[in-house]
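Okay, so chain A shows up in both of these, paired with chain B first and chain C after.
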Partner chain A sequence: MENTKTKIFSKNWFKTNASAIAGYGGVLFCIIFFSIATPLAGESIWSAAKLSTLISDVIVLAILSVGAVFVYSLGSMDISIGKQVGLYATIMVAITNSTGSFILGVLISLVIAVFIGLVNGATGELLHIHSVVSSLVFMMVLSGISTLIYSGMGSRNVALKNFDHHIFKSPVLMVIVLIVEVIIVTFLFNFTKFGKNARAIGANPVAAEQSGINLVKYKMIAYVIMGVFVVVAAIFQMGYTGSASDSTGTGFEMNVMVALILGGMPLSGGMKSRVSCAVLGSFTFSLLNVGLPIIGIPVNTVNFIKAIIFIIVVLITCRKSRGILPR
Partner chain B sequence: MEERGTDMSQEIIFEAKHMHKAFGPTIALKDVDIQIKRGEIRGLVGENGSGKSTIMSIAAGMQPATSGEMYYKGEKWSPKNMVESQNQGISMILQEANTIPHVTVAQNIFAGQEKLFSKAGLINMTAMYKKADELLQKFGISNIKGKDPVGRLTFEDRKLIEIVRCVTDDTQILVVDETTTALSHEGREILYKLIHKMTEEENKAVVFVSHDMDEILEQCNVLTVLRDGDIIGHLTREEMDAPDAVQKIRLMMVGREIGRKYFREDFIPSHQEEVALDIQNISMGPIKDFSLTLRKGEIVGIGGLSGCGMHDIGKAAYGLVKLDKGQVIRNGKPVKNCLQAIEAGIGYISKNRDLEAIILDAPIQANIVLPSLTSLTKGGYIRPKDEKKLSDEQIDAFRIKCGSGKQYVNTLSGGNKQKVSFAKWTAKGSDVIIMDSPTRGVDIGVKQAMYALIEQMKAEGKAILMISEELSELIGMSDRLIIMKDFRVTAEMERSADLKQTDIIEYMI
Partner chain C sequence: MKNRLKKIAALTAAAAIAVSAVPVMAAPAESAGTIMWLSNLQSGAQYESSVAYMTAICEGLGYDFTVVYGDSFNDAAGNLQAVKNGMTSDVVGLVCSQDGGLQAIMEEFPELYVAGYNTDMNSAFGGGENAGILEKDHFLGTIADGHIDGADTAKTYFDLCLEKGYRKVALINFPAFAYPNLEVAVNAFNAMCEEYNATAADDDKFEIVGETTTLMFAPLEDSWFLEDGHAELDAIMGFCAGIQFIFPTLVTAIANGTCSPATTLVTSGFETDSAITDCIGDSEGKIISAVTISPSEDPAYALVLLDNAISGNQFDDFAVERVDSFEYIIKSDADIQNVLTKSLCGTADPALAQIPVDMVVNVLCKKNNPEATYAQLQEVMHDAALLSPAVLAD
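Right, the complex of A and B next:
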């Protein structure tokens, strides 16, 4: 039973590495498939124009997903991040327009994000409620705030005035920011207590606590790290169009979840959580978004195909055969 | 291998021929032949990894054999899963907890059989509760009712529920795999009564896999010893009654003379002067005014039945439970939570190893370094090299059987898992170790190593609080022994060569 060194490509190897195979396999499949299929359909997905579409499509999702790795490794999740992106985008536009300072808008957003992160991280543990519940409350509260703001303005969207947001449309900047984020998060996640403790909590909170890990503290840290990157994502979301609306960010929380699962992230968290899941999953997700319409699949069908792929990945990663024992 | 001394008229109910099982390159069973007869309580003993559990888990459909044939009731037997096997009459009670949480006892007992109580798609819960109560009564379990939520039961009582679920009138072979370590004293009595009734009155068969030699010698009428996937030999009841039986069986299990040294060989209580841990008049729930002073280089044992409150003392000393009164002092400062306890050099090994002491779903290395992460952090980050070094040192020191520190703990055997939970605290350099049932579910080879290790810790000046349900190890290892009953201390004894189990039991029950 012991000392089994699994051979590469053996049955056991597939079993133990199922999630990684799904993550890398998904993105590889998409790359190979679209490299062949899109030129046949007319325009290659690797053409300059399409590549830049791909980057701008992937950037917000990837920043959010990579930032969310900490929270998901706890086995928790946050469904308020979509509304958070919307609110921060709105705040940035409104503050920049009224004071002329873009930085001030970002700072205010950061303060709110850290606050939400601290509360979301602490409530689950202190009040013994599931993390989804506290983030659901925030989702509703933020949604309410956003409605108040937009109804107060009498308009459903706001646009930047007197501020050049051109820089945020640069694919080069997007790629650099993403790379920097991945480096920071990978460092924190793999080489510091923060990541190691988060994974330990996800794998077994009781044993983690008995090993001296302060659950509240490390959960709060995980949520705060995510909150910071939600603000970064909001900058790019707002910067791309130079505007925000009452529907900005809608559904992002689910896209993040789907991307992470596509990348092979276990939803229960724990030791098998990896930063690469977030990157791989986001690219798979965006490759499908951009590639499928090129090969002639109508936009409204794209979601069905994503659903099918999603189910396949879930089946690969979550296969367990166990029946209930009869009396 | 010829079985000696068994009555030839006994009907063979189960037979395995040339059973072979390999996990990758590791061979768990080498071409084993075994026969189980009706009316037998067959003991299976062997060290961890000897294959004793593997044989019966194949028979009960948990996993298929790599090759070989099985016969059950004279016909060829190849169960696809445990469900099929249980329906056909081979039931196995597993080592790990296996109840469904958050539902009632009755729902657990009748899981998968709700149809019996359903009418027009609705389940008649009253009928189910009633039937469950009847069943529990039949098994002699009076303190549990069908209506009780499983979550409110103790770990030990949940095990009883599993037994009630597994054993039906149709059960022909009952496999008890290391179950008794998870049972309370009363629970064991219930199980013993059940297996004797099954074999003596109903002419069925029981296979008893256990580490507890006393229990095996008391309950079984045939004993089979395994080592490294081979059957080494069988012992009849008469052979088991021989005065040197334990020595003989141990020799068969280990394959070499393990030596007389098992527990400590000195019989003089000893310790250093310096106080390591001072529990001062603590009260919590039913425990009132408990005090204990633990000195450097001292092993204090606490014994009693599992519900006597001794496990709570261990938790309290580690800061895991809130105290109503009193305090726990270490280095002149009170310990209020387990973070402070760890920082003050206290380590705790929970009785509930797989759920609390270690993270099963994590590599060995991640488990070992977990409490030491703060001290491993240098210049803001943890070097993987340092982590590996710390973990490998412990893996070597404890001789944890594994490919590397990257191997997941859930692939290890029970003894090696327990070594990991020890290694966590020696890696941290803790000076006070609170161990709750440290050798639970561990075979003698590993036990012997653990005792040597505990003795070595004592020599190094570490203070050890050993809470255990096994009197032999308490007597064998403690400098001072405290016996508890109903949340109170009923006796306190010093180490001595004349201390006997029988003297102690009267204070426990």
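Right, the complex of A and C next:
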């Protein structure tokens, strides 16, 4: 017993678990700090209105981040997800308006998402290029398609007609969808061969391949899973206002990266990748978004504070003296 | 040792955040509520001067004032989330400078009074996706950034060409799907030139070089000046934010010799950066010969309407509409000096506002002046004798 205690509080334990400490510590600090500070400023962050704001702020980011865990655990990333969200939201609105079928819009989006996922996952390995390159190509292609669509429509926005989108604004539905997603991804990630192999690829792709793991297959599956959740995120993004625009989803890929790092996700992937990183990071990100304005922090200072917290997490989780990002 | 240094750095940063948060957590003073500005800007001369002016007016009227930044691309969900994140129970009015998601915002906060500033709200008044807000009692109208009708903008640019003797020009704008009024402006400018050419002497005719260039929200390419006729222009008509998107490329082209040093820029937008303001004027070597901007006094329109609605003292002759902004035209060395040193826009000093804070609070608002009318507000907002660079000289 004494021995275990020593192990838990040893220097090495803190070193080994720095990412987890930063992830849990960050969200815990935000919860405690805003629970005390916001009522003093006149409005609790846990009031019904603010809780609803928090959920709507976090939902799209959390769905995207959790869906991206597989890809990031491989040591890969996808910078086209913002543009994908924008395109799928546009497709859903346009198809619903023209055919009256919302489901058809979702299905078409899913088909495109699976195709993009397969191509993104395969090209990296088959062409021996970093997967970010193929996602960059998709980002540019989707951006061009979006511009063509909106130029053709003669407007920067398109709104749903004759379809009640308010169901997608329900905080209860948002929470349920997020919980279901977390359960599915956690199961796949922690309790299946696929999850273990994905982490093994991230830890050492050469060793994984020589152990008989098919890199192309697992990367394609990881990107397809993420693509499916990008469509789910697009539904909530579009449903929030019942509209889409040529700028819907812009910058989401960066938000996902920041959320994952805030949650303690190693960007190089590997065995230390955890689903909880995505959830913790997303909530930390949104708690700051919602909490800081309540306590009177000027809006032009909020990003600065978020940047400082980001640096703090990076400093804490940086394991190598020469390292910059958590590995 | 290095790890210890990292921890010290992290703790110091965390402490700095905690300490910086303490002063702003002080209990707010009693007020009639808070007016929130959903801003389309985050920095720059117009942002600073607008914040200073709106803060001063709100103080005079007994409100607190707060700013939230709208989505950089005017996305509906981004704007709604920005408002929700900044919303507190004491917010009673919203000044909107972006129209994306406006209907969703008003559905989310039905008790909130909303007035626009710096936006023509084409998505509402033009029959777009926010048209439903025109049916809502709490929507009060908007004052645009410049002219609502692109033909009026074209007239300003055309008159500047006549005045300054520019005849060989090229046109640049933003895409029509994003700014439909700019397409109207370009078409109107072309029509005015054709009409003028019909009766003008041969050496006085307008020559519009090439097709109109559409910028996809990216700066003008250097190679544009290598295209036929673009190296020897009298002026470039920037029907877009030319200070940001055309000026830097033009400066480089003149320095590289790919563009005549006599070519000047006529456009809109304003910054107090000396690298830009030193290039504005009518003396030799000035690259920007004319700049049009909307006065930083424009928020007075929205704030007066909001205060009237919140206090239950709306004008008897009030109508919900969108109105043009007065147009400030800076076209000489004297103008730019006056604007930089004597105007609200150039100094961000509310004491220099050409529509003084005291006038807004005590004359234009109906709760302090029962005789105030909407017609009077309109007149003041468009009074050339009150609002112009020339008046600043006095």
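As a convention for this text, the second predicted complex is superposed on the first by the 314 of 327 C-alpha atoms of A that agree within 3 Å, B and C clash if a C-alpha of one lies under 4 Å from a C-alpha of the other, contacts with A are read in each partner's own complex, and residues count from 1 in each chain.
Just so we're on the same page, a residue touches a chain if its C-beta (ideal position, glycine included) is under 8 Å from a C-beta of that chain, and two chains touch if they have at least 3 such contacts.
Please read all numbers here as calculations on a predicted model, not as lab measurements.
Judged by the touch definition given at the top, the superposed model places A:N214 against chain B, while chain C stays out of reach. When the two structures are aligned on the shared chain, A:T192 is found in touch with chain B, with no touch to chain C. Of the two partner chains placed by superposition, only chain C is touched by A:T250; chain B is not.
In the superposed model, more residues of chain A are touched by C than by the other of chain B and chain C. After overlaying the two complexes on the shared chain, residue contacts for A:I312 are found with chain C alone; chain B is out of touch. Using the contact criterion defined above for the overlaid structures, shared-chain residue A:G42 touches chain C, although it does not reach chain B. Applying the stated contact rule after C-alpha superposition, one finds that A:G270 touches chain B and leaves chain C untouched.
In the superposed model, A:A203 lies in contact with chain B only, and not with chain C. Shared contact residues of chain A with chain B and chain C: none.
Per the touch definition, chain A reaches chain B in the complex via residues 1-6, 12, 187, 191-193, 196-197, 199-200, 203-204, 206-214, 270-272, 323-327.
Of all residues in chain C, those touching chain A in their complex are 2-3, 6-7, 9-10, 13-14, 16-18, 21, 24-25, 27-28, 42-43, 66-69, 71-78, 80-81, 84-90, 100-101, 103-104, 123, 128-129, 175-178, 180, 216. Only residues 23-26, 28, 49, 81-83, 86-87, 98, 109-113, 165-166, 168, 318, 320, 338-339, 341-343, 348, 350, 355-363, 366, 370-371, 373-374, 377, 380-384, 401-403, 407, 411-413, 416, 424 of chain B touch chain A when the two sit together in their complex. Contact residues on chain A toward chain C in their complex (touch as defined above): 33, 37, 40-43, 49, 53, 56-57, 147, 150-151, 153-159, 237, 240-248, 250, 289-290, 293-300, 305, 308-309, 311-312, 315-316, 318, 321.
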